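Next up: some structures, all given as structure tokens.
After this come two complexes, each holding subunit A, first together with subunit B and then together with subunit C.
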Partner chain A sequence: MSEANIELIAPSQMRRNWLMLWRQMPLSFRIGSLILVVHLLVAVTGPFWAPYGYSQMGAGPPLSGMSLAHPFGVDQLGRDVFSRVVRGSWIVISLSLAGTLLGMLIGAIVGLLSGYVGGWIDEIVQRVLEALISIPFLVLALIAIAAAGPEYSGNPVLLVLVVALVYAPRIARMARTAAIDIATRDYVTVARLRGEKAWSVMCWELLPNATGVLLVEFALRAGYAPVLIGSLGFLGFGLRPPTPEWGLMISENRALLIVCPSTVLGPGLALASLVVGLNLFTEGLARVLGRTVKLGTQ
Partner chain B sequence: MQIWLLIVRRIVLSAVTLLLVSAFVFSVLEVLPGDVATRILGRDATPEALLLLREQLGLNQSSMIRYIHWLGGLLTGDLGRSLVSSRSVSEILAPRIFNTLALSVYAFLLYLPLTVIPAVVQALKRDMAVDHALSVVTLVLLSMPDFLLATILLLAFVLWIPVLPAISLVDDTSSYVEYLRAMTLPAATLAIVMAVYAVRMLRDNLIEVLDSDYIRMAELKGLSRGRVLLRHALPNALVPTLNVTALNLAYLIGGVVVVERVFSYPGFGTLLVDSLQLRDLPVIEATVMIAALVYVSANLLADIAAILLNPRLRTA
Partner chain C sequence: MTMLALEVSGLSVSYRQGLGWRQVVEDVSFSVRCGEVLGLVGESGCGKSTVALQLLGFRHGGLRTDTGTIMLDGIDVLTLDRVGLDRVRGAKVSFVPQNPTTALSPGMRIGEQVDEILVAHDLPTGDRARELFGLVGLPDDAAFLRRYPHQLSGGQQQRVCIAMALACEPSFVVLDEPTTGLDVTTQEQIVDLLVDLRARLDMSMLYVTHDLGLLSQIADRIGVMYAGHMVELAPTAQLFSEPRHPYTRGLIAALPRLDEDRRTIKPLRGLLQRDSLPKGCPFAPRCDFALTRCFDEAQVLRHAGHGHQAACWRLAEMPPAAAPAAEELPAEPDHCATPPLLTVASLIVRYGHGVRAFTALGSVSLTIGKGETVALVGESGSGKSTLARAIAGMVAPTAGHIHLTEAELSPLVKARSPSQRRLIQYIFQNPDASLNPRATIGRSLSRQLDFFFPDRSANAMEQITAALAEVRLDAAYASSYPDQLSGGERQRVAIARALIAQPELLLCDEVLSALDVSVQASILQLLQRLKSELGIAMLFISHDLAVVRMLADRVYVLFRGEVMEFGPREAVFSPPFHPYTQSLLEAVPVPLKKRKPARQRTVTSVDIGTGCVYAGRCAAEIPAICGATPPPWRETQDGLAIRCHHTLEDLLKRESGLSRGGLEKS
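Let's turn to the complex of A and B:
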């Protein structure tokens, strides 16, 4: 009897706890999460319900404007822009996340180790990071793509590596500052006196205590990755047509801007709303974790 | 004395950073790709053409000697020759840098009112509808990629309010008015992108300053609202935004690449994209080095200003 009671009460109580937690979150976090959930849902399920294929021509009369059948219009080649935007979603999101994740991994390891070890190694690492940061991030991305050569252009893996290259030094600088702060704590001294190697101190002492900083940093960077990928696509150095990447679509349809603005504004809306969602989420997350975040410091 | 040591240290560190940038740029563009001549001319180039280009680039020397030679050229102002037009790189760069400089100055002139006015309005009407509305606007603009903002401005001014040209083509024969008209849209795009970062920061700084004791004192003395704001609050709130302005300058160097491209404005950024497409190595290297130089100098100046303005360092 009592067991049955517990079973009856527990789920509803849990639901109430979740709801309480949700209500306590800052407004920006809640709105941001909702936008992100919509984007993720579209990214995952989009390929199953998008009415047309991403390179399917003849979806409608070319350059016909907005209509119920084609919410973002039809481009020059007769492709449905809405379907292309929906099908491009997972490409933009997965490349952004993969690039940021790789940059985070490299940046966190380099930054935490260099901040903890200190001395001349830290001095050298700092100089190298500063040199990489002083090349504007778009310029750095462009010369990295130029160095990879024409045979790799348009390769999604190259794009992930480029995002990581741009972000790793910036994340490393952040992680280094955090490591220097954490390294003064008693538990780190104890670990060092125990005879732990730098690597294990990083894994077991620095990393768990820097999670907050790194999480906010990750969210902040992930918010700009779609813009970076879009900018590269826009300039013609990112993914290749007919990939439905949003920046590339904006660049392709720019000539149609006056005839059919929705073919540009559609992918633009998708890109901007994704970044707004990520920014709100980041701001809220920072507030939950008790940190301040300066949005827009690229 | 201590202060001068700090400044000299910063200058030396900046020089080291630039040296590392040069090594990075050179190795990424000329050493990593293997045979640069094949890279430039493509797989189906004739052996004669390859040989000629190798000689022109000095590829028969070791990469270390080529690097030192190139670096020496950079330091003495000899940037080499373009591979495409065989004009000297400095001759190609000079008008582009002038155009971008003019664009940047114009953008900064627009940036100041675009930053100060919304921030002051927000700070004075704190937590009222205007404040919230402006916060939402700055957040949306902050999240909008610059190429999208530029495209939307283009649409607005070409289609709905047709007063400004869509394509900002200018050359030596253009008059000042033509120049200004051509530069307005790209400059406005850059100014808006820069301003949204600064507005959010200046608003918070202003609110903090307006809550301080000396502002209350000034108000109690019976000074007018405008005088308190302009004479007492704004100058103090503006100091921390100096840093953001240095960051904005750094953004500007990257931002012109995209924004100039949208409007086909013949500046430094378009030159970089064009020479990347043509694989014109000497021009690419020179533009990247100049971008890094501007970034490093801007940061150096901001740091020196911070050192000089910080009273705690004065006596140390």
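Let's turn to the complex of A and C:
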């Protein structure tokens, strides 16, 4: 609503309004979005200004620790960890977003339809979702990767699909709850009374009114996706070396934790700040979108 | 000089809005004498509840008291700190909330909830809870005290809330719409209780409500609020006979009344627009008497007679209001000649199975003629909405048939043809929930067109404009979203959405209940116009008998899913009455009608399914017959049918034995 008002007002006024809007936002939203903007800037521009290539060896004396030239130190193979973190940023972010987006798409459609249609279809869908959720997510991811076969191991597309598979059932449950709530509203009854099919009710009535819940759910899941991808990388089921994926880097350097902690600390800090930023942003977004939106449990 | 129980002077309250503060109550002053009941009336958003909560020293981060004092027993409530407030609340001033269901803690026994207050004020508990329950007319046995709130009816829950408010014998009780969520017959009993308590305990009360008619039954004086200002303050009788402020006059003129056979009411012009209130009188933009001076000069309460004050500088120029001239009623067409549009035959709706089955509708038959308005009245739970839902195809009936003109309608909407779906349109009670908040008004309307007239969407915009014009809305509304509209406008849009389908039958499910009096009047006018101009038939569901009397051609009275009485409007609203209809009519508060105590209705257990469903609550019950055998239908020449064991002569006699005040036909 506030955006609609802003369009009608002169530009200088508009800037002032944006500033006012910014100040009205919850603190967590402001901090979170600042962290995210920094991450996005690094992800997009990083490859152009990172001092070394991601697999460029001989950047400095191996395991030389933190210095001005190598903020995160140099790893065993003489690669600059900072450059690797910077160049790996877009990989982590784009994989997380793509995976979450796909999971969201599937989860929202399944959940909204199942919640709206109800009856025995809903029962069956719910049991299947519960079965999927009852498997610990890492185990589920590993089963999926194992099922895909060794020839797809390290394929980024597989990783995106795995993230989607882990998230879709969880998102579907949230979407179903929202759909059950929205389906009791009178405008949905009006749509049903004029004979609309479940699919068009979902597109026109349910989805637009569930965006608040879904958006928060998206941000929340997206914040956790880098951790999931990182964990898979750490376990050796993610991307292949020398890809500068953060989880993989932590895994590679974990033996050096005592000798040269900065090589683990660097990608770890990057991952942590991204997750914290996303979570703060999510929490703020939930408050902005209205107090009625409830955050789902992990 | 009588003692003052409470004195409020110069109270101004603001709410936080965005970055600033908005004043919602401005310079309100009034006093309540000991033992007096002051009514506070006004439309939603006029600040009446804010004032009421301030009397208890309500504080909140988003709320600020700018100026004013509230003197209660020599203490200024507004200056008290938290500890001081804890001591005053409950002991000196207490509160009865609007919704007893949410006011009582669902996980706590009601006896304990009363004790809790006593403990908080260091009073001995002992038998006090039982004593209080006896006082408010609840059973006071130990088993009842151990009940949970959900085991009580709405009326009983409100009685518990009142008992809690009285626990520490406060001198002042604030009641915030205590009967708004209750049925009219339950409301009558609660009002009786309050009148009785007041006489016995010599309490002072502030009674906040939007219902002027109700206030006339209980208040000594009435304060009328508009946009945060007190615009008139007068003794009750005087307010109704000689309202002085233009707003009060408008409110009274907009009130549908059961005691007058008026079929037209005059709604207030325009809408309360908080963003563009003038410097001067807040009512000026909507006032028929406004001059330029009104917009510039702030108004204060002026003397307008004994104990009568009004905030209008033109008081002297305006003579006391005369009764609004009765307008010519349009001749009513005869609906009986044409074949019926809709026939409902022995419809039964049952929920659940086996022993736990609940019969929502037990064999209801009903006909609606072309262009006829049929009203369904009854308490909540009488099956009114279930019937409308079954007709619309939302609920599958257990047995029975519904015919639209000649064709039988399938039980569920999915199986009906598009044209059958088009001909019956449903309008909901709550306009906030009936429009998709994420779709523009134009989209909501065009969606109907896409479905019902798929080949004519080329001139969709014209049709939308025409439909909006039909409900007196500008074409510009098509591009706005529901949250930019007021409740009345939303209800108009909901009606336009039904009209654009070119229906033959509108199912209006309590369409006026969620609206303010003046808005209600304008929607009522709209419905009357649709009826006479477009000749659309309506099934009008309402618990408000005054409104039904203004709109309906025929009336069906429902009780627990069964028709108790039906017939032409005038026949239903004049004797002989079914005992149930009579209790409904008597419960409607009519301004200035002498109140008489509600008849004692004891609910005895009746074997449901054998006799009359109303047995056990009926004041005219014949022992051993009513509960055992189903009552016969008794019909008069003018088409009235009453289902009762008493003969029509008996019912007429019963009627004449009781004085019915203003209800007699004029």
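Assume the second predicted complex is superposed on the first by the 282 of 298 C-alpha atoms of A that agree within 3 Å, B and C clash if a C-alpha of one lies under 4 Å from a C-alpha of the other, contacts with A are read in each partner's own complex, and residues count from 1 in each chain.
Heads up, the rule we're going with is that a residue touches a chain if its C-beta (ideal position, glycine included) is under 8 Å from a C-beta of that chain, and two chains touch if they have at least 3 such contacts.
This one's a predicted model, so the numbers in the text were calculated from it and none came from an experiment.
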Key: Touching partner for A:Q24 - first (subunit B), second (subunit C), both, neither   = second
Inquiry  = A:L215 in the overlay: touching subunit B, subunit C, both, or neither? Say first, second, both or neither.
reply    = neither
Ask   = Looking at the overlay, what does A:D186 touch: subunit B (first), subunit C (second), both, or neither?
value = second
Query = So, does A:L102 touch the first partner subunit B, the second partner subunit C, both, or neither?
reply = neither
Message = Is A:R194 touching anything from subunit B or subunit C once the two structures are fitted on A? First, second, both or neither.
response = second
Inquiry  = For A:V117, using the defined touch cut-off, is the partner it touches subunit B, subunit C, both, or neither? Pick first, second, both or neither.
reply    = neither
Ask   = Of subunit B and subunit C, which one contacts the greater number of residues in subunit A?
value = B
Request  = Scan A:L40 for contacts with subunit B and subunit C and give back first, second, both or neither.
outcome  = neither
Query = Just subunit B (first), just subunit C (second), both, or neither: which does A:P261 touch?
reply = first
Task = Please indicate which partner A:L77 is in contact with in the superposed arrangement: first for subunit B, second for subunit C, both, or neither.
result = neither
Key: Overlap of the subunit B and subunit C footprints on subunit A, listed as residue numbers   = none
Key: Interface residues, subunit A side, partner subunit B - complex   = 127-128, 130-132, 134-139, 142-144, 146-147, 149-150, 223, 227, 230-231, 234-237, 247, 250-251, 254, 257-258, 261, 264-265, 268, 271-272, 275-276, 278-280, 294-298
Residue ranges of subunit B in contact with subunit A within the complex = 13, 16-18, 20-21, 24-25, 28-29, 32-33, 39, 42, 139-140, 142-148, 151-152, 154-155, 158-159, 196-197, 200-201, 247, 250-251, 253-254, 257-258, 261-262, 272-273, 276-277, 279, 284, 287-288, 291-292, 295-296, 299
Key: Residue ranges of subunit C touching subunit A (in the complex, touch as defined)   = 18-19, 392-394, 413-414, 416, 418, 421-422, 425-426, 428, 430, 433-439, 444, 447-448, 451-452, 481, 483-484, 497, 501
Residues on subunit A engaged by subunit C in the complex (per definition of touch) = 1, 20, 23-24, 185-187, 189-196, 204-205, 208-209, 211
